[in-house]
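We call the chains A, B, C, D, E, F and G, going by the order they appear; numbering starts again at 1 in every chain.
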Amino acid sequence: MQQSRPNRPIDYLKNSMNKVILIKVKRNRLFRGNLGGFDDHLNLYLEGTSQIFEYQDEEGNIREEHEDLGNIVVRGDNVIFVNLANQDNE
Amino acid sequence: MQQSRPNRPIDYLKNSMNKVILIKVKRNRLFRGNLGGFDDHLNLYLEGTSQIFEYQDEEGNIREEHEDLGNIVVRGDNVIFVNLANQDNE
Amino acid sequence: MQQSRPNRPIDYLKNSMNKVILIKVKRNRLFRGNLGGFDDHLNLYLEGTSQIFEYQDEEGNIREEHEDLGNIVVRGDNVIFVNLANQDNE
Amino acid sequence: MQQSRPNRPIDYLKNSMNKVILIKVKRNRLFRGNLGGFDDHLNLYLEGTSQIFEYQDEEGNIREEHEDLGNIVVRGDNVIFVNLANQDNE
Amino acid sequence: MQQSRPNRPIDYLKNSMNKVILIKVKRNRLFRGNLGGFDDHLNLYLEGTSQIFEYQDEEGNIREEHEDLGNIVVRGDNVIFVNLANQDNE
Amino acid sequence: MQQSRPNRPIDYLKNSMNKVILIKVKRNRLFRGNLGGFDDHLNLYLEGTSQIFEYQDEEGNIREEHEDLGNIVVRGDNVIFVNLANQDNE
Amino acid sequence: MQQSRPNRPIDYLKNSMNKVILIKVKRNRLFRGNLGGFDDHLNLYLEGTSQIFEYQDEEGNIREEHEDLGNIVVRGDNVIFVNLANQDNE
């Protein structure tokens, strides 16, 4: 599926540059934005970001709230995982 | 949209120097202030800062309280993300 | 059972490259995906990942919810343990 | 407002040396004291310190308790932010 | 009781290589497995591991649940302590 | 009040060597002991230490319990602040 | 009381080698064991260890449970303090 495979997980973010990614951070937050930059600590620069706050309503369903944030810099130590852009669908 | 693109997320803070930014920190706090300085750890110097404390009232609505703080130095490890100044609207 | 035994625990991930592994992370989450890359911090690149969220229902039973995530990069400091691919069954 | 602007946030503490500052630390504590020294980790030496403990009473109001501590050394990793001395009012 | 005594606690894990050990990790988990490798961060490689999850039932008794995990790599920063193999009984 | 002023907060501990100090640590604990040694991480060696455990009784009052510990080594990362010996009253 | 006084708190553990010490760790646990080794991170090797788990019963009294663990390696970052062996009573 991928011919050349780099070894460092961080390197896989390169293919998502200037594409929309999802970032799951601690404290039940999600960011969706255009990846504009990153570094080895997983500090991220995102453009056109919307923050998604997940919570459980009283019936136990997962609910979301959206908030437009524009351009943000996320401090890497808050990141749980980055959901890379799907090369086919993007 | 941006011609030259630096690679480090931290570098994007330069364009917000002397402009109003929002800083989301752990423990549900927000700071709004004029960015006067920053370093690689995301330590921040903010002028004319107002702290916004978010909490849920008994009906589950997110509420805010403001407090004027003047000039502050935020220790970087508390930062979740920095909401950069919008170059158009600022 | 194993003739040559490397000393570093991280090295055992090599045998699971391009195989399905389970990753247990903090905050009661599990990822199941194809190991595409890793580094010394246990940062991981996973392909075809599904996230499994464990929770207790009101009768105290452990329940799971699945979510397809595609390709993700997990920040290593969230990892509790990696369940390596079984060489026999895989 | 400021002619020469140093780049490091920590450097702004110099102007508050021997002046009263407020330090917000984790676990809802505030210290008010005379800044006698600091380092790059935001370790702080404070003279004539009073500790302010904030809590919510049963009606949800923020209440404070004061305690005189004299001279203290605060370990920097507890600091959320330092509220610098106001040069005009001090 | 021991003639030559190395100074580093980590070195004592050598005597438990290829023996069954117990690992107590944060968040009330126990692993029992065959020690296949370790490093200075207390990253551990365990073979034939069973995870033991401790919880309190409604009468306050400590209860356990077991789960077979096979071969795992535990990230060292989750470890509280390692219970070494008893040289006599093993 | 002080003629020569060193810059590092840690250096102020020197004046409290062999004097009684108070150490506030995380998880609502206080230690009172004779400072016998310290290092840059705020690791501390205390002689004749008594530990003071603070808790809230059911009426909301702060209560203390004391325990004699003798000589202890405190790991620095638990320290919130050190209350230095008062040179006049000691 | 002590003629030569080393400066590093860690060095005071040397006098407790091969003696019984108490180790207070995070998450309300105590270990009592014979100190067999230590390093600068406060990683500890303990022989003949018994773990003491402290909890509050429903009347608010502190209760203990003991468990024999044999020889263990404690990861230093869990340690709050080490209660050194009393040279007179041991």
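Everything below uses one rule, namely that contacts are C-beta pairs under 8 Å (C-beta built on N, C-alpha and C of every residue); 3 or more make two chains touch, one makes a residue touch a chain.
Quantities reported herein were computed from a predicted structural model and do not represent experimental measurements.
Common neighbours of chain B and chain F under the contact definition above: D.
For the pair chain D and chain F, the distance between C-alpha centroids works out to 19 Å. If each chain is reduced to the centroid of its CA atoms, chain A and chain E end up 35 Å from each other. We define each chain's centre as the mean of its Cα atoms; on that basis chain C and chain D are separated by 43 Å. Chain E has residues 77 in contact with two or more other chains.
Read around the ring of contacts, with chain A first and chain B next, the chains fall in the order A, B, D, F, G, E, C. Touching chain A in their complex are the following residues of chain C: 25, 27, 29, 31, 36-39, 43-45, 47, 69-75, 77-78.
Residues of chain C touching chain E in their complex: 1-2, 5-13, 26, 42, 76-77, 79-84, 86.
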